[in-house]
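One structure below.
Chain lettering (A, B, C and D) follows the sequence in which the chains are written, and residue indices restart at 1 in each chain.
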Amino acid sequence: MPRLSYRRALTRALADEMTRDPDVFLLGEDIRVAASNVTAGLLKRFGPDRVLDTPLSEQAFTSFATGAALLGTRPVIEFQIPSLLFLVFEQIVNHAHKFPLMTGGQCAVPVTYLVPGSGSRTGWAGQHSDHPYSLFAHVGVTTVVPATPADAYGLLVSAVRCDDPVVVFAPAGAMEVRADVDLAALVPVPLGRGRVHRAGDDVTVVAVGHLVHDALAVAEDIADQVSVEVFDPRTLYPFDWDGLWESVSRTGRLVVVDDSNRACGIGAEVIAGVVERVRLVAPPRRVTRPDGAVLPFAPALDRAVQPGREQLRAAIQNVMKDG
Amino acid sequence: MPRLSYRRALTRALADEMTRDPDVFLLGEDIRVAASNVTAGLLKRFGPDRVLDTPLSEQAFTSFATGAALLGTRPVIEFQIPSLLFLVFEQIVNHAHKFPLMTGGQCAVPVTYLVPGSGSRTGWAGQHSDHPYSLFAHVGVTTVVPATPADAYGLLVSAVRCDDPVVVFAPAGAMEVRADVDLAALVPVPLGRGRVHRAGDDVTVVAVGHLVHDALAVAEDIADQVSVEVFDPRTLYPFDWDGLWESVSRTGRLVVVDDSNRACGIGAEVIAGVVERVRLVAPPRRVTRPDGAVLPFAPALDRAVQPGREQLRAAIQNVMKDG
Amino acid sequence: MTDPEEVRLYRTVRLIRRFEERAIGLVRSGHIVGGIHPYLGQEGIAAGVCAALRADDVVAGTHRGHGHVLAKGADPARMLAELCGRENGLNRGRGGSMHAADFGVGVLGANAIVGASGAIMTGAVWAARRRGGDVVGVSFFGDGAVNEGMLLEAFNLAALWRVPVLFVCENNGYATTMPVDGAVAGTITGRAEAFGMPASVVDGQDPEAVRAVTAAAVARMRAGGGPELIEARTYRFDAHHTFEHAVRLDYRPPDEVARGRSRDPVEIAGARLSDADRAAVDAEVETTLDAAVEFALAGPEPDPADALAYLYASGLTARGGG
Amino acid sequence: MTDPEEVRLYRTVRLIRRFEERAIGLVRSGHIVGGIHPYLGQEGIAAGVCAALRADDVVAGTHRGHGHVLAKGADPARMLAELCGRENGLNRGRGGSMHAADFGVGVLGANAIVGASGAIMTGAVWAARRRGGDVVGVSFFGDGAVNEGMLLEAFNLAALWRVPVLFVCENNGYATTMPVDGAVAGTITGRAEAFGMPASVVDGQDPEAVRAVTAAAVARMRAGGGPELIEARTYRFDAHHTFEHAVRLDYRPPDEVARGRSRDPVEIAGARLSDADRAAVDAEVETTLDAAVEFALAGPEPDPADALAYLYASGLTARGGG
């Protein structure tokens, strides 16, 4: 079976959707030469009318996509830096997201916002290392964070086909992941459906994005002591509550590991959404970035601010101890 | 005792701080004629050099304030609409918030962002009715939501004096509240300290902003059945965990009522922060806006999307039933 | 007989004027909740611009948007029902004054965020053109909007990609209470020209002048030209927002207001009609608006159970808050 | 003997050039993590501009910011330590290449967000002026930044309020891979002029020319003038970012690169010195940089326990994530 990288899975998803649907087009900064190496080869295949390099005018090109979507196209925007989403927060949240309701259903805004390399890319420091997915879950824009190449493919395809705006975060920590994949078996992955990567009996670990791989590693590591179930929500909003409730109902214990800030992050939401519904045998735990985190430049500090395997292991051991 | 309105409490706080500290100045749209009626009289008292009307350039004037703060002043910006914070999210989160850490402590950015009339002002519809305080709690910018005139005064004063950026949300639903206040007794209210408005034994209701008044009304209403403690965090970030843990440790039950969207809102954070630490006798509940809420224009729909007293009453009754 | 084009222009300005006056009445009577930003005094702009457009052209407006929606051809009855928050409104009562839209007649919506429509319109026209045809679009905005970076970015994008968008700046001298001279360094037309766009100033109180300058710009755009800007000089006859009547702000000198009101687009357009034609149009407009008020007030209020209807075009159902 | 001003200019361009070359070496050797945006080829601009400033004037830079920080007078050793993420760096290792700042010498920071520094600098100078004095400020940015709405808003604010900010656009022909002609409708100077600002073009490869035009602008600003813009035409000799060497992007024609490199600010400034003077400066720069590398590599790595130090100036302690 060929080995597919996460990055190439994204490329493939874009190419497949552009082939399938002539209304799909791309825009962003330096996407023609594929500076991020996600759109490699697409200019040649689909031409400059469907691969648009933009000036550095994020607000305008984000709303340009909204307007283009209103009139029937399906734009995909690549953002070079996660914090560019801060710059276009208004355009996504106040416009793209709100148009359908505000117009009483007269329109749809099927735009995909793709952020290849979200989170820390070691050494990019404070303004380039954010992982703002919880913000989009809060405002209610469909938010996906694929962990594996196959999911990167399948979720990006579904995002492009979705009639609502969708933000796709491709964590830097997952971009280099490769997997043996039967290319013919690549399929759309439904939005809002989680995935149990590893079955277990004692504790459910909800892991987001690249942290799925850390969670799996920790689970293996302590397999002789604890039976860990690793649940990957894949879509943070809408969340697969049924899937998660089923898992924690069996295990009775919950740990969330999430690379966004602690307060009001998806970690908080997962805990709240579970304890409202399921009685746990031990208090749940989360492993997150600290409150208000800004990633310092020095590599050791940068790492210290991100959730790590040691913390996850400790959290798992603690919930086992607590009940 | 004179009756002080919430709005005039804000005016008074600004006037007092401008008197005390010549480095405090105001900027915003239509603040000279005081279109929002918060800055009334301040132009006359402090002159045009300290009450600056800006062009409609929210991004520039927000960063202008950052720059002015870097060089020793204490700007207060009034925003006419809550969603203008979306437009300047980058400028607050990526710049004002991050400068101190990124420079290794070389500077401070003491800017206050004041939003008079946050949340629904019935009839202002989708783009003018947001209540985005949970977003700022997530990113870790100090966030306050005063409920009463005295707290509006005291928290705004503390915000202006704080060496970090602070967002002050003055909910539309609280702006018309009046209270008998001894003006001489108005004092700064420490950031990060909650307040128990009403003591109770059976359940702790955490209510945010204007909903404090609804919570108090509901608590009175059902006083013969349930003894409700009403906890007003006042500052959402940093949160007064000690105060809340103390309360729920006594009552054993928790309901949060919060006018922001459900997913990843402060409601989720409060639940998570409590259940990590305190064993409750019944599953906690939250009453919030729905996921992804956009406020429709028609008044009945607008109201239906906001958390209401009936829902709060039901939630309280449910936690009492559950354990 | 009067030139039918002049009759049409007059009918539009008169319709907008009387629509606004009735709407203000409905604000006062509490039927319209939250208030409106009346277009009074600026009617000549929407009327003149839209008279030069085709049915398949598209427009996007502002918070002061009733004129644009009506002039492009939306049904006044459904528009008024929208302002009253009724299920039979253009947006089924979900949008209200600041978001009224009618995609069926090419109105992509009023917009409550100053400066937001420029980029949206640029994308919309670009998408329409991709499918062939020679549609053009109009983005309306005020003098305050030219200070919003997002609009200036849109100027650049439209100019670079030669997207045929007509940027219409309604310069009524104020952004709420901020005079244009206190807010705009340089000139409005100079800003557009800096992006390589042709720009001109027109008397916004004369609908025929607006129509003529728009027609010329539209002809150039249909023939393959890029975006242009028209600055229409006008005056807002009434308050910024009906709410202002309550707070009594004082920022426009009375003699300025008197001077501004003395050039009334309804009078200017009306003077070009015979008395009989004018009377006929006036009567027709009243009949239309009588029916509109009736239609609006008879419209059903939306059911609170449907408060989140249309939130997601994909059919996703949002989790409730209770 | 050589004019001491020319020696000073040459020393600065040479220092920046050799600093960058050493920094690239340290990226290759893994001592600088994450890479840098080299200022190679553009040294004449920072050198020329800062030579016309006073010590109490303030500057703010860009992602390609090493030149600005050094030219304004920051210690190269502490700057290099910052790039290496050491506790003895300018920002105690918290900022790195894109956020290097030295408030002590008026450097408010490089900035990783394109177009962000204009408004920050406008506010900073406004605040400084409020306390009296005649400080001026410089906001550096690239040709890509003039398409960012936030920067254009800052032009307006500075012009309206007559804040003495010199906007220096380093036009190196590209925003990453986007040629300036594909991104900027109209001209860069025309954009500034549209806001009523004087604007001029200067040869950015000639530090003396840059110094002269800056000095004239600064004199006008100190005498009460408002903001101005200088477009310095230049060429980026190397990759956009050191990372680019790895991915091998192909977007600049080889003959263009050759032509661009043929006008080297180090050579242009160096030619104005006697051979002996030039050799002396070169030697002095190497000594400085040898010491800087040593200082940087000997600097302690920050303690991970202090990862959130300086997060809140108020002293607030953030809740941890574990």
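Some notes on this structure:
Everything below uses one rule, namely that contacts are C-beta pairs under 8 Å (C-beta built on N, C-alpha and C of every residue); 3 or more make two chains touch, one makes a residue touch a chain.
Which protein is which chain? UniProt says A, B = Alpha-ketoacid dehydrogenase subunit beta.
Predicted model only: the values in this text are computed from it and were never measured.
Path length between chain B and chain C in the touching-chain graph (shortest route): 1.
A centroid comparison over C-alpha atoms places C as the chain most distant from chain A. One inter-chain figure worth recording: chain A and chain B are separated by 30 Å, centre to centre, where each centre is the mean of the chain's CA atoms. Each chain gets a centre from the mean of its Cα atoms; for chain A and chain C, those two points are 40 Å apart. Centroid to centroid, with C-alpha atoms defining each point, chain C and chain D lie 45 Å apart. Centre-to-centre separation between chain A and chain D, using Cα means, comes to 35 Å.
Residue numbers of chain B whose C-beta contacts span two or more other chains: 54-55, 57, 59-60, 83, 87, 90, 94, 101-102, 125-127, 140, 238, 261, 263, 291-294, 296-297.
Shown for chain C are the residues in touch with two or more other chains, namely 91, 93-95, 99, 113, 147-150, 153, 156, 160, 182-184, 308, 311-312, 318-319. Taken pairwise by the contact criterion, the protein chains are fully connected, each one touching every other. Every residue of chain A that touches chain C in the complex is listed here, in rising order: 49, 54-55, 57, 59-73, 75, 90-91, 94-95, 99-110, 140, 142, 162-164, 192, 238. Chain contact summary for the complex, chain D toward chain C: residues 147-153, 155-156, 159-160, 182-187, 190-191, 193-197. Across the complex, chain B is touched by residues 83, 86-87, 89-90, 93-94, 97-98, 101-102, 125-127, 130, 134-135, 137-141, 237-239, 260-261, 263-269, 271-273, 275-277, 279, 283-286, 291-294, 296-297 of chain A. Chain contact summary for the complex, chain A toward chain D: residues 29-30, 32-35, 37, 53-60, 81, 83, 87, 121-128, 261-263, 287-294, 296-301, 303-305, 307, 311, 314-315. Residues of chain C touching chain B in their complex: 32-35, 82, 85-86, 91, 93-99, 111-115, 144-145, 147-149, 175-178, 182-184, 244, 247, 249-251, 301-302, 304-308, 311-312, 318-322.
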